[in-house]
Amino acid sequence: MTARSITPLQKKFYEVIFGTETPAGKWFDICLIMVILSSVTIVMLDSIWDLHATYGELFWRIEWVFTILFTIEYAVRIWCSPNRKAYVLSIYGVVDLLAILPTYIALAFPQAASLLIVRLLRILRIFRVLRLVAFLNEANLLAGALRRSARKIFVFFSMMMIITMIFGCLLYVVEGPESGFDNIPISIYWAIVTITTVGYGDVVPVTALGRAISATGMLVGYAIIAVPTGIITAELASGLRGSHRTSRNCSQCSRAGHDLDARYCKYCGSDLPPLGREGD
Amino acid sequence: MTARSITPLQKKFYEVIFGTETPAGKWFDICLIMVILSSVTIVMLDSIWDLHATYGELFWRIEWVFTILFTIEYAVRIWCSPNRKAYVLSIYGVVDLLAILPTYIALAFPQAASLLIVRLLRILRIFRVLRLVAFLNEANLLAGALRRSARKIFVFFSMMMIITMIFGCLLYVVEGPESGFDNIPISIYWAIVTITTVGYGDVVPVTALGRAISATGMLVGYAIIAVPTGIITAELASGLRGSHRTSRNCSQCSRAGHDLDARYCKYCGSDLPPLGREGD
Amino acid sequence: MTARSITPLQKKFYEVIFGTETPAGKWFDICLIMVILSSVTIVMLDSIWDLHATYGELFWRIEWVFTILFTIEYAVRIWCSPNRKAYVLSIYGVVDLLAILPTYIALAFPQAASLLIVRLLRILRIFRVLRLVAFLNEANLLAGALRRSARKIFVFFSMMMIITMIFGCLLYVVEGPESGFDNIPISIYWAIVTITTVGYGDVVPVTALGRAISATGMLVGYAIIAVPTGIITAELASGLRGSHRTSRNCSQCSRAGHDLDARYCKYCGSDLPPLGREGD
Amino acid sequence: MTARSITPLQKKFYEVIFGTETPAGKWFDICLIMVILSSVTIVMLDSIWDLHATYGELFWRIEWVFTILFTIEYAVRIWCSPNRKAYVLSIYGVVDLLAILPTYIALAFPQAASLLIVRLLRILRIFRVLRLVAFLNEANLLAGALRRSARKIFVFFSMMMIITMIFGCLLYVVEGPESGFDNIPISIYWAIVTITTVGYGDVVPVTALGRAISATGMLVGYAIIAVPTGIITAELASGLRGSHRTSRNCSQCSRAGHDLDARYCKYCGSDLPPLGREGD
């Protein structure tokens, strides 16, 4: 039995909490985003020592208000779901649970206070709302470009891992522990910091040879920063271009490449089939 | 009454001060840009302690010259505007006022000297001139690409906020206060510094695990730097390509936007004029 | 004699070790990748002083197991190659030998221990497997874009070398040894660090003029970072677009490369088969 | 008289020194590049204190050899030029003179030794050779893209100057002199270092508000780094695409967009005009 029959009241709650079409559903989503953001802000502020010392008590009380709100929401979500098990085991269900669990655990076991950081996962709940409300097309276009580029990006990252490894080992051999290149993992960390152009400056070459090699590494990094950009741009551009054209073929001359708003074949002037009949 | 009738003298001043078509208007704009830049330079030089100690008196006098010049200009602008209220309340009018107010306030209340920094807003007045004179097409193309990408960029920034939040919290938990990751806001500041590849080096991970996580974060940042670039490039390219479409209008339905290789109007199916007859 | 006749047993081994089509060949490749990665990990961990002090003995033993495994593999590869000389002298053959030699040399001459770092070249052996298994198309597309851009990138790097040289010398003259710009090579190193936006901060300008010049240099670097990106993107995009051409062959002259909207062969002028009949 | 009549010997020398078509001209160019690079290397090495102390005498002698070689070359160039005045006053002529003058001046006035740095301008002489030999097309394509983008890039840089000015002033007000933001020029220097993602770390915000503002600045910089990239990419891509297509129109159906290697119209199948007759 995958879907129970639900009462009209449950159906109404379901539409408000899970849906976005009704005005009430939209208001619920907006309130939820604001509660989530406030709750995350409180967790962040509480991590600042000065504020914790002064307002720790207050933060703790506000935190409980949020936790109780989220608990009620979680209970109602379970109650009104047509398929309770599917909801509880879905990623969204697990995140909803993780958003409330740490506060209760910290109450039961005060020594587990470091678990409270898990509450920051609440920010992930924003995705649920964003997923429903809007921006779906844009996210799809981006995700599509990333997915189509996935294999190219994998090839690119393999190349880059090997490049950072080579530069890291070179500097480890050339500079040695007295300049901070204590071991190979640190040297590879340095190579990643350098080639991605982050450049903290906590580990830097000091010998002439080391500097020459790392300057070469920077120029290489500068050149290959172009590669992932190029990959994604090319995919995005082809995605955009594709989304402005249909795959309609003219029934007379059977040629394609017509704009979305075209009604007549631009090559032979005969009628084009209406747009709705085929998928894009 | 939105527009008063204005005298010919007012009209003439209006053309010189607000317009750019007449030679006098162009000269006025060029002088204005130079006065603005000189005035901003003086404010900057005055902020250098050594120069302030030696030339402070001189700077203060030059400043008054500029302030009086701008005051006269402001008065003339109000006087010759067809619609005075609209000018005073427009953004440009407010900036024009903010450019002169601080000097007078500092005279009246010497303790409000820190307000003098507001004078730097004068640089915004340059926009007024640039807006009128030139570069309008280029700015429009850029603005168009940014506007069309706005939703995609919003999605991208939401993703990035969540990524920096996750990396910031991870490093807060892993490194802790003894490495400078004092609280979550500082850790998120570190994550932004790292993922945007700025890399100050004022807060850096020191543990092996922290370095491994931040290296991962850098590679992620390196990969996603491609995304906004790709978005804007794709939009700009599609904007440019759009400008390669012909300006041919169909002789039947007089609509434009036809591809270079189109022979029939895609909207009404009638013949298009051949391409050779008009320039691109 | 370029290829000896080989026994069926050798042929079978050859298919497993060098080939990827058979299931056994795939499993061999996967095992090989894992052994290579483990071996490289051990070398890295051994470079960390703490771990070396505690587990050095253990690492050395594991290292010997890997070395013996690789030696056996190397012997079998030679034995089952149809053309032994070609294998031994190929790049892959040399890397395979370099992967095992250092351990034996370190046994014979303990003072040559620093040679052990050469073992990290084993990571290059991964390429052999990747080359065979997959990702071939993606790597080809990337390599093609880089190859087509090679001359443009050379021109770009010549320009950048000269720009870094000019900025380096300017700062050397302006800042001088007391700010860390000890000599021209160091100043050029600083210029590369700056223009590639790495920005370690180990050498920074301190005078007003030096800072003004280096700010200019950063803006120049910021602008020209666009150039390699643009080059590679444009090439990649044109590569991708090329792959959108149809694979239709002209029935008369049997040449391909026709646009999607082409109706006649652009080489011989005869009719092309309609587009709908074959997939893209 | 713009061009004197020259003797055959002068013409021969002219072809070797200025030209690149003859084998002797090519060899001369290659030798010249190598002499220039050696000479620049010597100047750089001489700036290193240790090397100067040990080999200063030797460097000085080698330097004289190069100077005499360049002097002879300069004299021959003047002697064999058809139009001597034009050569001497051209940029190349001035650079050729600047390459030899400092050494003579340093001999006459030993206190002007700091002028010797000017010798590094010799590197600019490389351009003369590169200009002639090769890479002309690639450099033209790049230069064309930059030229077409010049106005867009100007608009972009104006925007960025104003953005850095705003962020610089904000941080000057928020952080003040005790964090190193001593005056407005330094704060603007900091803003440029930050927004271009160089991030030295010599001036960093330390207050919470300052960090929040600069994190915003980084994200803005991260987003707008896309703009110049996008501009140049779009221009390069449109340049590339253009260079793969001709502007030939079919004489039958008068449609354009044919590939460079097309001989027949892809739309109507009739002959295309041969490529040579019109420029691209």
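All chains are identified by letter, namely A, B, C and D, in their written order; residue positions are counted from 1 within each chain.
The rule we apply is simple: a residue touches a chain if its C-beta (ideal position, glycine included) is under 8 Å from a C-beta of that chain, and two chains touch if they have at least 3 such contacts.
Which protein is which chain? UniProt says A, B, C, D = Ion transporter.
Please read all numbers here as calculations on a predicted model, not as lab measurements.
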### Task
Using mean Cα positions as chain centres, tell me which chain lies farthest from chain B.
C
### Summary
The pair out of B-C and C-D sharing more C-beta contacts is C-D
### Query
So what's the Cα centroid distance for chain C and chain D, whole Å?
29
#### Entry: Chain centre separation in whole Å, for chain C relative to chain B (CA means)
41
### Contacts with two or more other chains, residues of chain B listed in rising order
185, 188, 197-201, 225, 229-231, 233, 235, 237, 261, 263
### Query
For the complex, which residues does chain D have touching chain B?
151-152, 154-156, 158, 162, 165, 169, 172-173, 177, 182-185, 188, 194, 197-201, 204, 208, 211-212, 215, 218-219, 221-223, 225-227, 229-231, 233-235, 237-238, 249, 253-257, 267
### Summary
Counting only contacts in the complex, chain C reaches chain A at residues 43-44, 47-49, 114, 117, 120, 123-124, 126, 130, 135, 138-139, 141-142, 145-146, 153, 157, 160, 185-186, 188-189, 192-193, 196-202, 225, 228-233, 235-237, 239-241, 244, 260-261, 263, 274-276
### Task
Give every residue of chain C touching chain B within the complex, in rising order.
197-201, 229, 233, 261
